[in-house]
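Okay, so subunit A shows up in both of these, paired with subunit B first and subunit C after.
Presenting the complex of A and B:
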């Protein structure tokens, strides 16, 4: 099964799947950061212009510092996110899923220089396109991954139905499918919702009489979520 | 379209994540996609570049304008591949003309600059929708959000330029300096040089940059389209419910259940087939029966799997895991001439060699110093491994106050315990006599030897320690004393008076006050 997640096993024996972020979201995050840095430089040159030639020197120094350490600073102190990454909902972590630290952040950001070659970050671009984990050269050297933040989908279900116990014990993925059905039913057309429910009709309780299969599944989801009784 | 045959993980994703799936999809089929692309487009490009060479960069702009047509065979391949059907490159190339015909005029005129081109292409090509149906369908597809598709088009447009310029810069950097001097870089990029070879190579470079990007762009658009439909139609839930239904059917092999599900299934397939919302073209093509091939394919698959297992088994064997490591030192500069010249240069000036000798002396000295410090450190750290080198223990051993209920502090004892014990024996107080004697012996070991007796130790453990570390002449005595004491204290077996008296008399000889503790230490 093709997917863009990478499995990481933590010492507790749990396997996490990290959704790796690819070229498009990363490039856009980079563009946002580029614009922010540009604005910073304009602001600084405006401030330093007061100091005449000393200001020129100070500006050059601050350009150096911002250009090289802007990403490092944010990645270390802002849980792996620069402002651009925050906008795109991505973050940098180590290959094993742990938060990024000073050394890996410095390595991956110093190597932006290698990714820049021969012009306009072309090597980084090609590397991100061809690498299975969408890593650029800096990521390969530092052992870091850029991943998507999880999006929390708020359930829209406002059914006030009583919970209904499934007839047979269900496996984990089956339970989550039933809960997903109940969470997303509002966003489906009625026809599609009924069509999906019909797959389970033979198994659903006949004693519920005139209740539709869809409603029974929604009630089952409520039961699985722990709402066994009517409140 | 059979969802169960899908070869990518179906789950609702963020829009950006869906685009990443497209990159992965393209990566998986990269070679086939490039083959299809090059076979379809390269001849067209080549001919037009040769015929219209006097128009300069217009050749490549024209080619770029026709992109919607070039992308279609790629989508054709990807859409089949996703549902487990491998088309050959040949099939895709030969399908080009029939694919290019689909709504070609609209695609190349008013829809050409649409930013959601990649997302919309599957609607016309795979679902085959036209006119109002198409636009209402697009509205539904876009309802989940088309921002990512817009940015995708925007970004990939600039990616082509990035690659184009990067390739030129790379070539420029790799040119030997005398050749590069005569070239004006910006004239090159702007097609200002009229030389036909330069124009052609610039066109070719831009064509190649477009070629690199194209499969990714198509695949990303396709995967966003898939994601929109997954969210709208809950494909992931359909798959899970189908699996669940299958499992439950296996659980209760009940005739009535099977019958009803069969009825429902057939009802469903009729429903699905008659529904106009779903892509008729995909259904029609995917449902073409291939029953003739199925049996032979199955056999093939079986023998293939067997062969694979056999290969893995053989590869795991010892024959493939034999490793040897050889190392040899080769002098890098075999030429003695180099050495000579180096030496001669060195002896050129006397004071230079003096300084270098001085520096090398300091460095050598420092290195020896480091070595010495390291050695001393190691010796000090691991001195307990080296016999006889043990330094006096820095920490004073902890003296227990009581052992198995007996007070073993030296000030609780009389001055000559064996005399006191003898007196007790005279009065037939064996227990107090023996306990005093035993206590005094322990105190003696604690005070005068390095034996480390802790509060939790039992009599047997004390004896063991004494036998291991104590002075040899005390061994037999302590063995007898401990045995007698344990028999009396715990088993209430009274010893004979004579043996007790004998122990008392032996005591002063063995527990002589001034046995030097160095003797005991040396035996550690």
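Presenting the complex of A and C:
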């Protein structure tokens, strides 16, 4: 598989494959957070300017908190997402896929400082390039992983076609290839669907008259899924 | 079993599980979910896991598998979240865990102590003997500012201030000192180099300044200012250094684990020293802002409070929390 996924075995005896997020989405998420933090600073300094010296103290305190703990706060209370990560559809989890806890989040966010060194996140970037899971130094130390949120695509139920038995018995992987094709056909262009179906044309039955190969495969998928007769 | 049959049979279970996930998800302004509503969560979750492994084994369509994987992932996130209970844990940490952790990691604490104080002391004595050495360590501008701060002719000491600035300075100390402690810890991941730099630099800086103040005869204002918070602040810095050294040591010598795992283990262990350092530096910032700067209190009282502070810190770290096993 070319996908950057990481398999994690969970106590229920199955493996979850977590789609690891790369530099670009993470950098963009960081940028969004940076802008939000900047806006927070401006807002706070505007509010605290009313209180004079006391306000200066409050401002310094809150700058400290926002500087170091803004990501921690959101990651812990928002199921691993800062606003920036939410926008980019990524989230932080522990290496074992469990939601991030206080300690891990604090470690990974304190180490941002080391990731920044010697300038402009150089060490963090190098670290991300050197391991499979795009971990920056903070992720390595905290044992965390930044992954993409899964989007669930539900297959459109294609035309209510009658099932069609394949000519010869099919192996499991052949069956799943045919089913996958029929699930995805609605998201392909007609030309692409025909192009793919053409590979199977010689093998398909001709008894179906001039029905297109694509349609025949879809009907076959229906049959494989369990639809034997028109309901 | 064919896929359609399979889907029909379990569809309703999946839907109930989806609803349970929605209920159990933390959210703003959501009423606490009653236990009864989620009593079935674990069995529902196991059922979905079962469905996923069946679907994979039977090579059902990728969409179905993806759908189930997503359900399992969400369930997994909810099922394995940790209880938070922050306040109880902070109390527990201060009374038991922190001093215990310091003793357990005594090796790194002692090494950090040595790296921080030893070169500092050497520079201190050298600067006493050769006063011009101060300009080799601290730039002239800085020396001038520090001299102005502790000039005995001023009625307020420590970073030139008036009485209404105490709170501002509190904010400043927190941001500055705890920030340094965090950097000192984070630098450790670079095979301890960052931590070594911060410990050595700060140790030498303090040593040189200290000697210079004695050379120019400003001891009383200086010591009566730093006495109160020195114990908490210096110990806080040393502990964050110890945490950084431990993290870096896992990079250099991971021992019986893979380097990756060793770093994660070291991070988990050392973070409690960082929490402890935050705790001490908060006290230090408080004392520094509201006590150290007052001039109405006689220097002798301040020295006494300073010494008591050291005794308290040392006693706390060596004796506290011994009764309970972890």
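Going forward, the second predicted complex is superposed on the first by the 178 of 231 C-alpha atoms of A that agree within 3 Å, B and C clash if a C-alpha of one lies under 4 Å from a C-alpha of the other, contacts with A are read in each partner's own complex, and residues count from 1 in each chain.
Going forward, a residue touches a chain if its C-beta (ideal position, glycine included) is under 8 Å from a C-beta of that chain, and two chains touch if they have at least 3 such contacts.
It should be emphasised that the depicted structure is a prediction, and the values quoted were computed from it without experimental measurement.
> Based on the superposed arrangement, let me know which partner A:226 touches: subunit B (first), subunit C (second), both, or neither?
second
> A:97 contacts which: subunit B (first), subunit C (second), both, neither?
Touch partner of A:97: subunit C, not subunit B.
> Touching A:13 in the superposition: subunit B (first), subunit C (second), both, neither?
The second partner, subunit C, only.
> First (subunit B), second (subunit C), both or neither: which does A:113 touch?
In the superposition, A:113 contacts subunit C only.
> Could you say whether A:192 touches subunit B, subunit C, both of them, or neither, answering first, second, both or neither?
So A:192 only meets subunit B here.
> Does subunit B (first) or subunit C (second) touch A:173, or do both, or does neither?
A:173: touches subunit B and subunit C.
> Under the contact rule defined above, give the subunit A residues that sit at the interface with subunit B and also at the interface with subunit C.
On subunit A, the residues that contact subunit B in one structure and subunit C in the other are 153, 173, 176, 180.
> Write out the stretch or stretches of subunit A touching subunit B in their complex.
So the residues of subunit A touching subunit B come out as 1-5, 19-25, 27-28, 88-90, 118-122, 125-126, 129-130, 132, 134, 148, 151, 153, 168, 170, 173-174, 176-177, 180-181, 184, 187-188, 192, 195-196, 198-203.
> Show which residues of subunit B lie in contact with subunit A when the two form their complex.
Against subunit A, the touching part of subunit B is residues 7-9, 12-14, 16-17, 19-21, 23-25, 27-28, 30, 148, 151-152, 155, 159, 162-163, 165-167, 169-170, 173, 212, 216, 220, 231-234, 236-238, 240-245, 247-249, 251, 257, 260-261, 264, 268, 271-272.
> Which of the residues in subunit A come into contact with subunit C in the complex?
Listed in rising order, the residues are 10, 12-14, 16-18, 52-54, 56-61, 63-64, 67-68, 76-79, 93, 95, 97-99, 101-103, 106-107, 110-114, 117, 123, 137, 140-143, 150, 152-155, 172-173, 175-176, 179-180, 183, 224-227.
> Show me the residue ranges of subunit C that touch subunit A in the complex, using the header's touch definition.
The contact residues of subunit C facing subunit A are 2-5, 25-26, 45-46, 49, 52-53, 56, 58-63, 66-67, 69-70, 72-73, 76-77, 80-82, 84, 86, 164-165, 167-172, 174-175, 178-179, 182-183, 185-190, 194, 247, 260, 263-264, 266-268, 271, 274.
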